[in-house]
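Have a look at the structure below before the remarks.
Chain nomenclature is as follows: A, B, C and D, assigned in order of appearance, with residue numbering initiated at 1 for each chain independently.
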Amino acid sequence: MNLASPPEHKTDPELTRREKVYLVIFGTETPMGRLFDEVLLVAILFSVLIVVLSTVASLSDAYGYWFYAAEWVFTLVFTLEYGLRLYCSPNPFKYARSFFGIVDFLSIIPTYIAFFLLPGAEYLLIIRLRRVLRVFRVLKLIRYMREANVLGRSIYNSRRKILVFFVSILVLVTIYGALMYVIEGSEHGFSSIPKGMYWAIVTITTVGYGDIAPQTELGRMLAALVMLTGYAIIAVPTGIITAELSQEILRDGNLRSCPNCERYGHDLNADYCKHCGAPMEEEPLD
Amino acid sequence: MNLASPPEHKTDPELTRREKVYLVIFGTETPMGRLFDEVLLVAILFSVLIVVLSTVASLSDAYGYWFYAAEWVFTLVFTLEYGLRLYCSPNPFKYARSFFGIVDFLSIIPTYIAFFLLPGAEYLLIIRLRRVLRVFRVLKLIRYMREANVLGRSIYNSRRKILVFFVSILVLVTIYGALMYVIEGSEHGFSSIPKGMYWAIVTITTVGYGDIAPQTELGRMLAALVMLTGYAIIAVPTGIITAELSQEILRDGNLRSCPNCERYGHDLNADYCKHCGAPMEEEPLD
Amino acid sequence: MNLASPPEHKTDPELTRREKVYLVIFGTETPMGRLFDEVLLVAILFSVLIVVLSTVASLSDAYGYWFYAAEWVFTLVFTLEYGLRLYCSPNPFKYARSFFGIVDFLSIIPTYIAFFLLPGAEYLLIIRLRRVLRVFRVLKLIRYMREANVLGRSIYNSRRKILVFFVSILVLVTIYGALMYVIEGSEHGFSSIPKGMYWAIVTITTVGYGDIAPQTELGRMLAALVMLTGYAIIAVPTGIITAELSQEILRDGNLRSCPNCERYGHDLNADYCKHCGAPMEEEPLD
Amino acid sequence: MNLASPPEHKTDPELTRREKVYLVIFGTETPMGRLFDEVLLVAILFSVLIVVLSTVASLSDAYGYWFYAAEWVFTLVFTLEYGLRLYCSPNPFKYARSFFGIVDFLSIIPTYIAFFLLPGAEYLLIIRLRRVLRVFRVLKLIRYMREANVLGRSIYNSRRKILVFFVSILVLVTIYGALMYVIEGSEHGFSSIPKGMYWAIVTITTVGYGDIAPQTELGRMLAALVMLTGYAIIAVPTGIITAELSQEILRDGNLRSCPNCERYGHDLNADYCKHCGAPMEEEPLD
């Protein structure tokens, strides 16, 4: 039996039990495979919801036992899933070291750590940490977002411009933060350059908590400059993404196929196919 | 008499009384129909204004009686309008279950509920609730926004990308909220993961109330990361809408076809075809 | 003498004194006319600066006398300018009733009102009001912004979409404000629907002062919804303006002139002039 | 020896020692030149990091001596670099007066000033000032951002529109600030027109600290207007940058000309001209 060859192209009777399990758990093309994915998606969302709600004191007091039970049920279900993935994968080690293999592992292990290893002193802190790690289960959702492609490609295409933009922002933030540290000083909350940089980020991104705010006249003038800078450069990432996204959408929608070689990607006003040179038919434009 | 056929295309003497009322209330093409719509528009705006102002304590003390009277006048007017719509509609049940049928009903019923059913104990709360429901009258305005079409279509076309975007935001917000809950903890206001998620939404959308703000150094570093993330991804919905809107405006008939060679893509002010040189017909420009 | 005909097209000896003054004060094409405009621009900026600085207590204590003197100098200069404009204008009444005629009048009258009519009791308040009216001098700057054309046209072209957008925002703000009034109530600062609407505007525009903030769990959930709504719809006006501006810039830069009739506005791929039908020459594209 | 001619085009044995040093320090095309740049980049980042961290009280107490030593090491390294640049530059005076020459000088001089000239009384303040000037070292990073070209050109092309936009913002801010000064007055924190303008900038840029906020009903109504204005005009710079950036990306050579009919506008992957059907030459795609 050659497990390295993809089992999708075999007919049903040829499949071993491992291959059948593989098709259900890893595949998305059989009815059972889709059902498995949907059930898993609901289970992930519920388990994250329970972790989130169990930190609310009033709910935790009232339903603490049920949260605890549900957490164990989900942990056992996900452990079973993890075991099955290891069992049926053609290459278990490759799966275990893959991004989703690690996420799957991290999403079950904290409950066991809290139970077997650390029942004692640092209990509270670890439970909180464990809960956070459990939230990483939500990352599994990424697997289900095929529609993210166009967005992802646009962001990928403009990664260099975005990097240049962020380096410029960091240079600005360092200079502004240092200036505010000198101008305002510790007595007005700017007790160090990193704190000044935090203020500059809060201001330049237009978040504006107000927990640290300039109180001298010179500081306020500089702050006004920082805000106007932020207002102007908020346009830059928007411009980058929009320009790329427009290109991406234009490329997607305003093209047609050649009637001869059937390749896609010809402009609407093309008279000849740019790949095989055959004349293009006229097409009515709506 | 066949009420299902639209009465707009009949000449005046053929119309029954119900059809005449239909033309005034539902139609917008006769002078009376337009006048009815304009009067109704003013009535809606005034009734919402009165509900809004009657919650201001100083105004309520001084003009409470007049507000009460005006509310009953508007309720009776809208009840009459609702009755006429039911009476003259070719299919009253279809109207009553339509979006605007329900809005029309909801905008009159709270005044009656407060008067007949609940004059007693939970008076204050119910009055407030009733007033809120009355505010939904403002939804009636949607009927008058025909220009919203291009905007609406752009948002509709990009609904999937926007959905992907919001799911990503929610995943980010859950992870950031959980991390802040662990880092800052109850003593700094992050008393549960939902509260951390609320803070993450306040921060990532750059609203930044400052009612909950990080106070540890690690928390501030994470907060700076959240803000820069928010700053970067604010570009994404803008990009999506802009790209769609550009397409929509481009598509929106700024071009026409040549009557001779039938090629498309000529400006509206062209006198001759730019491809074959044949004269273009004049087209009225609005 | 026919003052109604524009004096710009006469040669120098033909001009009367009034016409010469007209050319200097209203015109921008002679060296004297440009100099006059530049001097006036500097005078306006200085007079506004003095009004602004004279409200700062520390500066007012130290230089109060100089501020008072400078205010009278500028008022007399602008009075002289206003008189000259009335004197040399071909139609003084039309000028006096025009937008800039009213602004010119409003920018000099408050100083006189404070001096002659109200030296007494409500002194402080009126001085402040007068100062504000003086600031309207800054509106005169609009006259100098010819570059604002492309921006202005883009905003003008999209005025209907922007109107629809703002009506939608107001509808949303009314509903959200009313809901928060019911959910949070007076004890958390939401003492009336208008106050709730103020909060909704502060939140939906992502300003987020934090002077009024939700404190119940339901209120925070609604607030999160408001913020995400604001985050999503901030994209809409950006999209509208960007799409129009792209069109405007494209229209401006990617066109060429006909070699025969010399009219501008032909696409780069045009073979024949769309106005006179003459063949277009090939043009090298860089 | 003619130092004015660029030494890059000579073979190795022809070079003098000064030219060899020039190739390493100013050049980026030899392996040594690239290594020098990378080492310098790391040194700049570390020196800025140390200046920033040395202002944090807890770190400064613990590692103050090491920070002091590291600052001297970096100062000596940058002094050596500055000397070598002066030594090997074909035109030392031109380098010393160039933007990067001044930045290089400013990044070393504060340490010497603090040591030789001002060891005495205003010690604390000067140390802070010196440290701030040291932070300008971060500006050296600009040299390494070649990818910033497209962004820079877009911003340069739209500089006039951005200027008009900022002048409009300042006019608005002056008027709004003066109005709020009159409406709210000193008792609510609006103690002068400049403070009102500061508030207007904080609000119009949607930063919203909340340190100064309107408290009268009229003030809140005006504030709501300011916010909605800010919300609408945030779209304008975004639109300007996006439109320019789209042009810049489009122009950036995504199309080529047909070698037969010479018409422009063919995709890079076209095999045949879409207008005349002639075969296109292959072009390498990067």
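Observations on the structure shown:
Criterion: contacts are C-beta pairs under 8 Å (C-beta built on N, C-alpha and C of every residue); 3 or more make two chains touch, one makes a residue touch a chain.
If you're wondering where the values come from, they're calculated on a predicted model, not measured in any experiment.
Hopping across touching chains, the smallest step count from chain B to chain D is 1. Look at the contact of chain A with chain B and you find different residues on each copy: under half of the numbers used there are shared. Chain pairs A-C and B-C differ in how many C-beta pairs are in contact, and the one with more is B-C. Here the spacing of chain A and chain B, counted between their Cα centres, is 31 Å. In whole angstrom, the spacing between the mean C-alpha positions of chain A and chain C is 43. If you average the Cα atoms of chain B and of chain C, the two centres end up 30 Å apart. Each of the following residues of chain B touches two or more other chains: 194, 197, 206-210, 234, 238, 240, 242, 244, 246, 265. If you check the complex, the residues on chain D that touch chain B are 206-210, 238, 242. Chain B contributes residues 160-161, 163-165, 167-168, 171, 174-175, 178-179, 181-182, 185, 191-194, 197, 203, 206-210, 213, 217, 220, 223-224, 227-228, 230-232, 234-236, 238-240, 242-244, 246-247, 257, 262-265 to its touches with chain A in the complex. Interface residues of chain C, counted against chain D in their complex, comprise 48, 51-53, 55-57, 128-129, 131-132, 135-136, 138-139, 141-142, 145, 147-148, 150-151, 154-155, 162, 166, 169, 194-195, 197-198, 201-202, 204-211, 234, 237-242, 244-246, 248-250, 253, 268-269, 282, 285.
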